[in-house]
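Presented below are the structures under discussion, each in the form of structure tokens.
Each of the next two complexes has subunit A plus one other chain: subunit B in the first, subunit C in the second.
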Partner chain A sequence: MPHHEFECSKVIPERKKHAVIKGKGETLADALPQGYLNTIPGSISERGCAYCGAKHVIGTPMKDVIHISHGPVGCTYDTWQTKRYISDNDNFQLKYTYATDVKEKHIVFGAEKLLKQNIIEAFKAFPQIKRMTIYQTCATALIGDDINAIAEEVMEEMPEVDIFVCNSPGFAGPSQSGGHHKINIAWINQKVGTVEPEITGDHVINYVGEYNIQGDQEVMVDYFKRMGIQVLSTFTGNGSYDGLRAMHRAHLNVLECARSAEYICNELRVRYGIPRLDIDGFGFKPLADSLRKIGMFFGIEDRAKAIIDEEVARWKPELDWYKERLMGKKVCLWPGGSKLWHWAHVIEEEMGLKVVSVYTKFGHQGDMEKGIARCGEGTLAIDDPNELEGLEALEMLKPDIILTGKRPGEVAKKVRVPYLNAHAYHNGPYKGFEGWVRFARDIYNAIYSPIHQLSGIDITKDNAPEWGNGFRTRQMLSDGNLSDAVRNSETLRQYTGGYDSVSKLREREYPAFERKVG
Partner chain B sequence: MTCEVKEKGRVGTINPIFTCQPAGAQFVSIGIKDCIGIVHGGQGCVMFVRLIFSQHYKESFELASSSLHEDGAVFGACGRVEEAVDVLLSRYPDVKVVPIITTCSTEIIGDDVDGVIKKLNEGLLKEKFPDREVHLIAMHTPSFVGSMISGYDVAVRDVVRHFAKREAPNDKINLLTGWVNPGDVKELKHLLGEMDIEANVLFEIESFDSPILPDGSAVSHGNTTIEDLIDTGNARATFALNRYEGTKAAEYLQKKFEIPAIIGPTPIGIRNTDIFLQNLKKATGKPIPQSLAHERGVAIDALADLTHMFLAEKRVAIYGAPDLVIGLAEFCLDLEMKPVLLLLGDDNSKYVDDPRIKALQENVDYGMEIVTNADFWELENRIKNEGLELDLILGHSKGRFISIDYNIPMLRVGFPTYDRAGLFRYPTVGYGGAIWLAEQMANTLFADMEHKKNKEWVLNVW
Partner chain C sequence: MSTASAAAVVKQKVEAPVHPMDARIDELTDYIMKNCLWQFHSRSWDRERQNAEILKKTKELLCGEPVDLSTSHDRCYWVDAVCLADDYREHYPWINSMSKEEIGSLMQGLKDRMDYLTITGSLNEELSDKHY
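On to the complex of A and B.
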């Protein structure tokens, strides 16, 4: 039987179908856990809500927008300053957040007038911003405020502004994933096709499902620009509102996170005939393949190849330095939605790590399908994990590192498993060739932290080690079992990039490619 | 020039200073031993509050959700609470206290949480957990009323009301600390220890600052026991240090058991700590010992090194929890500083009648503004568009970009302070807190002088 029953979950038998251990010779048909079902109350699941999925994950990375939540202040406050989606306009969307501040009287008498006042106040406070998104919350959904009507009314009165409305209250679906879907569909229904862009090149894409965590989007757009590709919009990291209104004019949708943004790609294909190409910015091979595929689509493989050759030559020796030292280290790959399959095979192949467990909080069965397909035998896969199951799995698997979110990372810390932030990253970006080396570097630094070594020592014991000297370096801990050839290699080297690998990209100039069509 | 109290003129909130009521109830929940609260609402109401606790403390705390989904929002979700209690108790055999914390959604749909608790007490608990001590406590904390501050106040009252019993009156006091840090609790217990006073501490959260142990056994959780909570009914006096974070409970105990309630002052600064100790002396008859006179002297010595030379005249804006803001403002005045703008982040109508605010209005001899229902735009707009000049900002981390963008030094204080390391370990209350605050303010100003090359050479000798 491939299903895995946790000791701690025996009292909730339905949980058994949410975890599997991939056995020898088993196929996906044997070993697929259920996914994206309603959460079991009181299980201390790690899931968020559909409001945060819409507003916090997808809406807010849009950079030139006033993002208002229509509800009490809590939803706004709680989702503010908990992510690292930066932008090249001095992070306006990180710094400012807006709540209509619904109070008891509004619950009783309605909050539409309040909303309208809010909209006007916010545009007045930031006269340079003419674009706005409004997010419904549980409270305003339940009292039935017609947000769309108010938005229309304001747009008529203030023709210079444009407003998008997302009706995705917190209870709309089993997890944040419900909100991803709702905002995808709302955006294409309301906004796509309302702006005609200037087309400046022969090869035009939308970059979709990319949220510019620590600069991921800027790294990838750098490659696209070096290939002479015009990026019409990014959905949504570092993306501009009006750029995203013009998505219908792209020749190709390049999709990164299929969990959160495949919906809009599929709709763009149906409504405007724009093909979808799934890519992956994580890992040398997936990234190189991705650039090659885009190159092939446009008939510019040579440009892709030039970039790949240059980048691999620059960064591969650094990646391999870490790979030698990470061989066989056990990883719990416990992200939110889709990174289990973006990362599972490639951290094994390119960093030498061994994935012993994958989980997804809000992924669907399709994510599990891909994740499990890319894992080796014996891997424990968990859907919608909860606190006790996580601890039981850590006890059982004894991983060397866990890749997960900030708060679950604190749980792992207590049982002496070093954690790396899979959502916001430690010292990212992690996309791009250089980014992938930064990821390997962060994993190495976590696993071979001298402090981590100290944490396992019981100083009260007579057999506690005597240190001899007052320090250990990471390499003293990591290099003991390496061969001389590896240890003294003149080609391999540690990461040589700087602390900030992104800001310099903003200054970069790009080659002009001659246009074939006018 | 006077001190003016006014409400924010705009209806909306640009960058909120507070979150909503359920967060306050959740903070109470994690302070109680063997307690896991269930938040009845959408999952985000728990997930993000757990996240912000972990941002502040760099630790994880257990809180559960009833996971309200669409069907529950339409048809009612009482069944989700019943299932949540069952699942939680079945999987956490040590849990004895389960607050059921409501949110905006479940208050609007009108779920009868008190009724559910009655049903569970008579049904599930008797049938499935007959030999187990379990306390289900309803906490009504709709998000559209008050703020995290009132949510805390309500939740402390609900806990005390559930447990307090008058069995055998004793000499202990009840110490309601308000929403503070582990460092504060440590300092307060130290003061009580020196006074030889025993207390029921609500809440014992020193243990939030927990270790990594070789066997991986440590967890962060509060330590106020059921026995402590029952014992609140036996105490000789209740000290609610923060007027807005504990008064409801203190008044309940006074009304129900005639236990005198001493409300405030928030013991920030030397003077308020003096008042606190004198109040303790009056309530218990215990003298203030030499050891505290010595500590007080050390603190005064530290402050004397800083006030005239560095802190005098410095213009300060302070925002955050009302008792913290008022306490800091009072302390700043003792330090010869000029708090010019105080921002209180909710619309509590009682602020205008607060005796401390009245005293400021009567005595401040320069322009001071106190804004209620405030947001961060009240601060930023004054700096950006109205020429407000500041030397220092005191407040929590959510205001960090104002400090960064307008190049005004800021000392992180209050909750949350996630963009600085370990601040929860240090007190802001008591004589120890007075030293910490004054020296951190000074060091913050010093670093800024050097950063801006603004008479940085002054520090060569002092």
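On to the complex of A and C.
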């Protein structure tokens, strides 16, 4: 597994240790990219900062909270609404964002008074909200504002409110991942164990590392409720502040995104003895195994099996319709941290795609271990790539689609590589059995979009080819090489779910299971 | 965690263990690597415990031996082991015709391989970080 040197990065020789190509018969012990290190000067990284990683990724998906940044208004603006973590309380946490709007004069004279004034003003503006998180930024960290002291003062004056302080300024780590770490540890140190929850069932979990992107959390919680499992808290998508203060009472921590939230799971195991079970909510087989494991843990495997059988029967023919048409298509799997390993193997197994590259902007070597282990030979793995390396990789690998975030995605579009938003999704949710079909549908739509017939023609040239062959639809493009048996199959079908697959779950009534213990 | 100190550590290459059933161990290892997550906890002491407990219980299930389920942690290891043992029986049917002694030897070889790939031979420089 030799390291790979990009032509464009020969002037930055340190970059060579950040990319490898998996070779025949080689293992993780042969080579592994460097990871989670400070970005090399001269390499224009696509990373976020530690403040963003704490606030935007982990903190703000909490739904019943005023999330306020103590710093310049730009810090808050740039971490507002760009990731679609919805909630079932009318998206309060997405609608509003708050900043203390620190200016130059506050840097000179201090901004603690300004902070206190803003906290009280925000609580008065939204009297129904009694919980707040405050995020440190670079500017206010450098001038030494004592946010904790101000928060304590306010809580003494307003005993009905509770405030969490997150000290993760932008410079507090090499990337957003530093912020994930800091807020995990801060939350368990400050808040876990400060609320005693009402336990309503025999089987109680925390659902950890799940951010309800376009409703992912609600899909998974629906399965858990159908199994008679009480979800005490979700860390943090669609999660409530007080639910997360009660995490210490769960029987099991069910962990999705280990990159962003394994720290709190590990601490919950050490401090409170709660086991950690890593699961995959993406893909039929991994999801079925995950539900089965949770069912077995609580002795209710039959309930899990009933859900799996029902969901697979409903959605498998639709997944397979897309698999027939996606077979062999090359993918650059360039999402954030966890999705590169959640998806790497299962999109090959269940959608027929071929992963030719994985990358992560902020993942650690542990993420690369998981990702490379799940990929086939010849896969290019890159840590913290810069834009030129991304373009060079696209030129070298010639993928049919790139699954990534919106910044590199827009770059890919310019070189006419179809892009799907793996970060905030195009038409999610993508978790759950139906969600996995929606994902396949979105990949299919991206690869076979008729727009590519037009976008390749440079009409500024005098000798541009004329558009004389007629317009070919998406299905004309995808079905040309299929056998008649597949093309005319009466069992396979395209996605038949609705535009909105989440709202209906909020109206659902769940079975009541008799409790075995009081 | 301290990235600077982690970066400064250069791990020495460790030789892979050798076992008479290497080809079969390769297949079983590849299945774990592609389909499981439990082997990649973030610290070496957690990986040691995960590999030991889950593979011990997998071996007991494959051999039809009793499995200790006395604690919630045991149950958590066990659920991963049940899925792995079922998948092994389905995807590698030759395992069903092996004797208990052969399965014991095979699973010991598998554990040695997993320990090598995820711990002793791993190039992950964060494994020895003392904090989560």
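A few comments on the model shown:
Note that in this section the second predicted complex is superposed on the first by the 502 of 518 C-alpha atoms of A that agree within 3 Å, B and C clash if a C-alpha of one lies under 4 Å from a C-alpha of the other, contacts with A are read in each partner's own complex, and residues count from 1 in each chain.
One rule holds in what follows: a residue touches a chain if its C-beta (ideal position, glycine included) is under 8 Å from a C-beta of that chain, and two chains touch if they have at least 3 such contacts.
Because the structure is predicted, anything quoted here is derived from the model rather than measured.
In the three-chain model built by superposing on subunit A, subunit B and subunit C fit together without any clash. Of the two partner chains, subunit C is the only one touched by A:Gln34; subunit B is not.
Superposing both complexes on chain A places the Cα centres of subunit B and subunit C at an angle of 150° as seen from the Cα centre of subunit A, in steps of 10. Of the two partner chains placed by superposition, subunit B and subunit C are both touched by A:Pro174.
Contacts of A:Arg374 after superposition: subunit C is touched, whereas subunit B is not reached. For subunit A, the partner with contacts to more residues, out of subunit B and subunit C, is B.
In the superposed model, A:Ile12 makes contact with subunit B only, not with subunit C. Residue contacts after overlaying the shared chain place A:Lys293 against subunit C, while subunit B stays out of touching range.
In the superposed model, A:Pro275 lies in contact with subunit C only, and not with subunit B. Contact with neither subunit B nor subunit C is seen for A:Tyr510 once the two complexes are overlaid on the shared chain. Judged by the touch definition given at the top, the superposed model places A:Gln365 against subunit C, while subunit B stays out of reach. Across the superposed structures, the minimum distance from subunit B to subunit C, using CA atoms, reads 10 Å.
When both complexes are aligned on chain A by C-alpha atoms, subunit A residues 38, 173-174 touch subunit B in the first and subunit C in the second.
Considering their complex, residues 10-16, 18-23, 36, 38, 41-45, 47-52, 54-55, 58-60, 62-70, 72-73, 80-81, 83-88, 90-92, 103-105, 108-109, 142-145, 147-148, 210, 212, 214-216, 218-220, 347, 377, 381, 397-398, 400-401, 405 of subunit B touch subunit A.
Note for the complex: subunit A touches subunit C at residues 27-29, 31-32, 34, 36-38, 173-174, 181, 185, 251-252, 258, 262-263, 266-267, 270, 273-280, 285-286, 289, 292-294, 296-297, 341, 345, 364-366, 369-370, 373-374.
Remark: subunit A residues 8-9, 11-12, 38-52, 68, 71-82, 94-104, 106-107, 114, 117-118, 121-122, 125, 137-139, 141-143, 169-176, 387-388, 406-408, 410-411, 413-416, 455-458 touch subunit B in the complex.
Residues of subunit C that touch subunit A in their complex: 1, 3, 6-7, 13-14, 16, 33-35, 37-38, 40-43, 46, 72-73, 75-76, 78-80, 82-83, 116-118, 121-126, 132.
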